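Pasting a structure here, questions to come.
First chain written, first letter: the chains are A, B, C and D, and each begins at residue 1.
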Amino acid sequence: MFFASDNSGPVHPDIMAALADANTGHAWAYGDDALMDEVRTRLRDIFEAPEAAVYLVATGTAANALALATLCQPYETVFCSPVAHIHEDECNAPEFFTGGAKLTLVPGGDRMSADALRAAIAAEGTRGVHGPKRGPVSITQATERGGVYALDDLRALTGVAREFGLPVHMDGARMANALVTLGCSPAEMTWKSGIDALSLGGTKNGCMGVEAVILFEPSKAWEFELRRKRGAHLFSKHRYLSAQMAAYLRDDLWLTTARQANSNCARLAEGLRAKGAEFLFKPQANIVFASFPRATHRRLHDAGAQYHLWGSADLDGPDEAEMLACRLVCDWSIPQSEIDRFLALL
Amino acid sequence: MFFASDNSGPVHPDIMAALADANTGHAWAYGDDALMDEVRTRLRDIFEAPEAAVYLVATGTAANALALATLCQPYETVFCSPVAHIHEDECNAPEFFTGGAKLTLVPGGDRMSADALRAAIAAEGTRGVHGPKRGPVSITQATERGGVYALDDLRALTGVAREFGLPVHMDGARMANALVTLGCSPAEMTWKSGIDALSLGGTKNGCMGVEAVILFEPSKAWEFELRRKRGAHLFSKHRYLSAQMAAYLRDDLWLTTARQANSNCARLAEGLRAKGAEFLFKPQANIVFASFPRATHRRLHDAGAQYHLWGSADLDGPDEAEMLACRLVCDWSIPQSEIDRFLALL
Amino acid sequence: MFFASDNSGPVHPDIMAALADANTGHAWAYGDDALMDEVRTRLRDIFEAPEAAVYLVATGTAANALALATLCQPYETVFCSPVAHIHEDECNAPEFFTGGAKLTLVPGGDRMSADALRAAIAAEGTRGVHGPKRGPVSITQATERGGVYALDDLRALTGVAREFGLPVHMDGARMANALVTLGCSPAEMTWKSGIDALSLGGTKNGCMGVEAVILFEPSKAWEFELRRKRGAHLFSKHRYLSAQMAAYLRDDLWLTTARQANSNCARLAEGLRAKGAEFLFKPQANIVFASFPRATHRRLHDAGAQYHLWGSADLDGPDEAEMLACRLVCDWSIPQSEIDRFLALL
Amino acid sequence: MFFASDNSGPVHPDIMAALADANTGHAWAYGDDALMDEVRTRLRDIFEAPEAAVYLVATGTAANALALATLCQPYETVFCSPVAHIHEDECNAPEFFTGGAKLTLVPGGDRMSADALRAAIAAEGTRGVHGPKRGPVSITQATERGGVYALDDLRALTGVAREFGLPVHMDGARMANALVTLGCSPAEMTWKSGIDALSLGGTKNGCMGVEAVILFEPSKAWEFELRRKRGAHLFSKHRYLSAQMAAYLRDDLWLTTARQANSNCARLAEGLRAKGAEFLFKPQANIVFASFPRATHRRLHDAGAQYHLWGSADLDGPDEAEMLACRLVCDWSIPQSEIDRFLALL
């Protein structure tokens, strides 16, 4: 009963098999492997973007920080949600890779609204040389709270960015989950909706450790390559990144695992709802934030369930009936039986 | 006949097997996996350093740049050889991770001499607040030119560093090869010889992509962890780094593969010598720099041999007899038959 | 009628005279001038801090950014008000000089409350290696909105910092104005209230361009010197910084000019109040934020008054009666007659 | 008898007078003062460059580091002489402001040769994404060793840069001295010879603390302004920088003081030559490096002469006849009588 994170599950067997397949003889290093050609072609096909620049790195933070550094000058500020991974969980990596750019937090919760974004951008540009200059907008899809922007929402946000001439980055660590939810095409969710650069997650969705960065507008491709190398994120034995990503995309495995994760989450959410749990956010992808009594948490912990309480919730309080919030994440690998066992304990 | 680099060979089967073994169920992310406990304990044992701080990253450049950033202030300068990987092949990663420190190149060739190092350090400290301040010394073992420092050489260098109160980093991307050459213990080659921080290579010697950083003096361990995260080098599915390193150390696999690489190289060097090739450097580990006539290079290339010409050598010159230098690297995986085929073509 | 800023007035005649006096013969460069000895001694006396390290730079942003860089690691975050000069008006200088630290904005207005600060610090430390680590607290005194923290307020804030083991920086660009308001000693307002590092302003209060940085705990003095040089803020002809600061402190000129500025402001505020203007903040030093009808603004502008409208206020609106906010700053040099002329136009 | 540096003399009376003249009433801050308009127009006239972007900062290191940061990407390397001020005497400021670019030292002495520069640039571009990329060339004129590049030399160097498509920066901290030596026009020495960005010194040549940065190709002017602000080098009371520079240029004062400095130096050099001193470099501007016996140095020191011994020379050695090198710098303000007194003591 492991619901602590989707970065803790096993690697999908197809991806393990692809790694084994790739493990023969010598291959040119640093991305000049034949598998990377397959990956590049495949991603351009999937995204209907024949000119896009495509790169692989091993961590989501690297994908985000390098993409932002390529879009952003050090005297600019990045607009994002207060709960964005780039703000909360990357230990200043965006600031580091951009050379000291700022992050401007757009008031609101999980999802930015176009109005709040417009207000934040407008406010940031009024101090001439004194304040930071307006830089890229970064949008997480699916969000850190398990939400999914509708295409109209995305277009409203990128439209605001466009009004101010700003590029837009999508943190797609869980983009596959969002695609499954919306049922749209990858192109529709990205460049057709105004996204300029995408971090496309693999690690949380069945890979061992690989993320793609896609620059739909490839004029800064070479700069990205240099920043990746300078950031120590260019792999010598790159074929093992390529092999993961190739297998991940083959036969739409990425959508299959995401569908499984979302469906696991839906089953869990339904069960929680049935048992009277309260939701902090509407679960639309593979994460649920729910509240239920301390006594139930205790029972689950005692039975070995692993997940994180949320905010200031403390398992060791006196009041058994107090509602405590928690975050429950489903990856593709969780057996239904585990979910059902969890629900049975509620 | 692939002699272009030791970063292009396959992953050792034992390491592939370990990855498969690790691939069951959920594991805590970010280094809290049980395999990392094994790695930590094993490295402390091997290095006779029970207090050492031990971390894993995926690239050698990350290991070097993060170790140096932990030892170095941004207003300092790192002393290294003009052919050091940190200077020539990391696209300013040390400058980036240190926040803008300088690299002072100690005149000489592949290996630094203690006298040249002392002179370089002495010269760097005479301009008060105006010049950069003296920072760490970085030594590559085995070197980028296939040489190996004797223990006395290492001690002479670290002794000079000690005179000036400077910490010492070892770039051990090929440390296992050097250990096999010297036949000494890991402790003797490192902290017993005055090394404070070590980048211990795995990738070039049979792993998929893993390097250890060992801080023998662990007071900056937490700082290292934060710099690793900030540099986007902390893996979520860390168990797959741990599994590689654990298998690499188990039953001294790392020394076995290094022994094989060195012995491959010795066979190659012996053959080259017999055929009249000239050596640019004395081959002591798994790399040979040799010169032989253009006609021979052509014959080898036509037969499919893959390796890099060196310096300004150009395969397409008119003079068939002209001696052209090249770099030949042997990893553990090259079959003897390939070496013999190569030699037969000479 | 110039109320646009206190960085636009002339240099005080005593300071001009000191510059002329200093202009004889040769003097050692880079802070080794005799006048700097006088400044150091005088500031240590004034602040009752015989061990303090004392440095001069030419801009307030340099003083703040260098002081913070000395107190803060690049993986930390600085706690400050959302209207702090370091956040709003330094174009990412703190991020640049710290090597990419973050600024955490403590919710609230002009002045931080101890409770809000405690909550912000507590919230920032809960994500282990993932979030930024807690770094220094920066307090502006007098504030950017013309307020002054009482000593008890300061002690409450520094007490919170102390609870978490964090150092405290004071941006004292207008510290002299605050001292005049509170009538306390410089030591009481700073280290006796828990301040570790101070940016002490000269430029806005009668100097040509000089600010002191005082490190009450001098263990990082040498680091500060190196950061100042590396930031290109070490003056060769340093005696002209020293001469300004020496004259500024001599016979308490700094308090005299601040008293004049505050008293100018009080006269202005009183007049505004009498004419029915509304105040956005309580004016406690030398700045007033006031609202009055558009028609009045127009009259003032037509008569040549120079000051900035505030926020989104627009002089060219249709409604003559609409209340428009503005910021009015008084320096020491404004003649009473100008204030009275301004008030007469209201 | 002060020959230690040209950064230690007094401010020229005309410049002091201009500061006094500027000291009336209020003026717009941050470079919007009327005097800056005069400076901009005047520099464009002097340099025959009506489109050039013109900015002022207070230190030479700021001028160099900001100009280079505007020309250079963080993954590039700057080509300069091993004795360049940017390498030896700026405590890593160029590395800091560029975000971690490297400096490649072009072998040779004081002055770079075109061949050595071409070889250095050629060698730096052969490692694809692994090595740093080629960045700007920086040339000091007059040099740190008192030499002056002939126009042909400059054109040869900038021609090499042009071959590789690299921009060229001139560190003109002592450009006026070089102009006087060559007798050419400012335009001829700069953009007509292929210079893209110039640091034009004022401080060493009679100002209090002001340097101009001129971007002959102004497309990055706004970026420069933002980098200047972010580097804390934008002065609020900017008129006092403008006033210095305006007076410095008025009636060619800058050339008058440079002529005086050079002529002082020529008188000194002639006297040294007559007394049998040996020169380390040919003195062409306002600096002499000369060797003469220890006994003479002692006599001069006892008489109060102030200057720096050079390299490892030590005043306190046993051998009175040993030749010790020293650096002697003349500024405009040294009276002939002092030079003659110095020479009489030889």
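Observations on the structure shown:
Definition applied: a contact is a pair of C-beta atoms (placed from the backbone, for glycine too) under 8 Å apart; a residue touches a chain by one contact, two chains touch by 3 or more.
Not measured: the values here are computed from a predicted model.
For the pair subunit C and subunit D, the fraction of shared interface numbers is greater than half, so the two copies use mostly the same residues to meet. Interface comparison, B-C versus B-D: the higher number of contacting C-beta pairs is recorded for B-D. Rounded to whole angstrom, the centroid-to-centroid distance between subunit B and subunit C, based on C-alpha atoms, equals 51 Å.
One inter-chain figure worth recording: subunit C and subunit D are separated by 34 Å, centre to centre, where each centre is the mean of the chain's CA atoms. If you average the CA atoms of subunit B and of subunit D, the two centres end up 41 Å from each other. Multi-chain contact residues, meaning those touching two or more other chains, occur in subunit B at positions 74-75, 90-92, 96, 99-100, 129-130, 133, 226, 229-230, 234. Looking at the complex, you find that subunit C touches subunit A at residues 74-77, 88-92, 95-96, 98-103, 105, 127, 129-133.
Here subunit D touches subunit A in the complex through residues 30, 73-75, 99-100, 129-130, 133, 223, 225-227, 229-230, 234, going by the rule given at the top. Against subunit A, the residues of subunit B that register as touching in their complex are 2, 4-5, 7-11, 16, 19-20, 23-29, 57-62, 65-66, 90-93, 96-97, 203-204, 208-209, 226, 229-237, 240, 306, 333.
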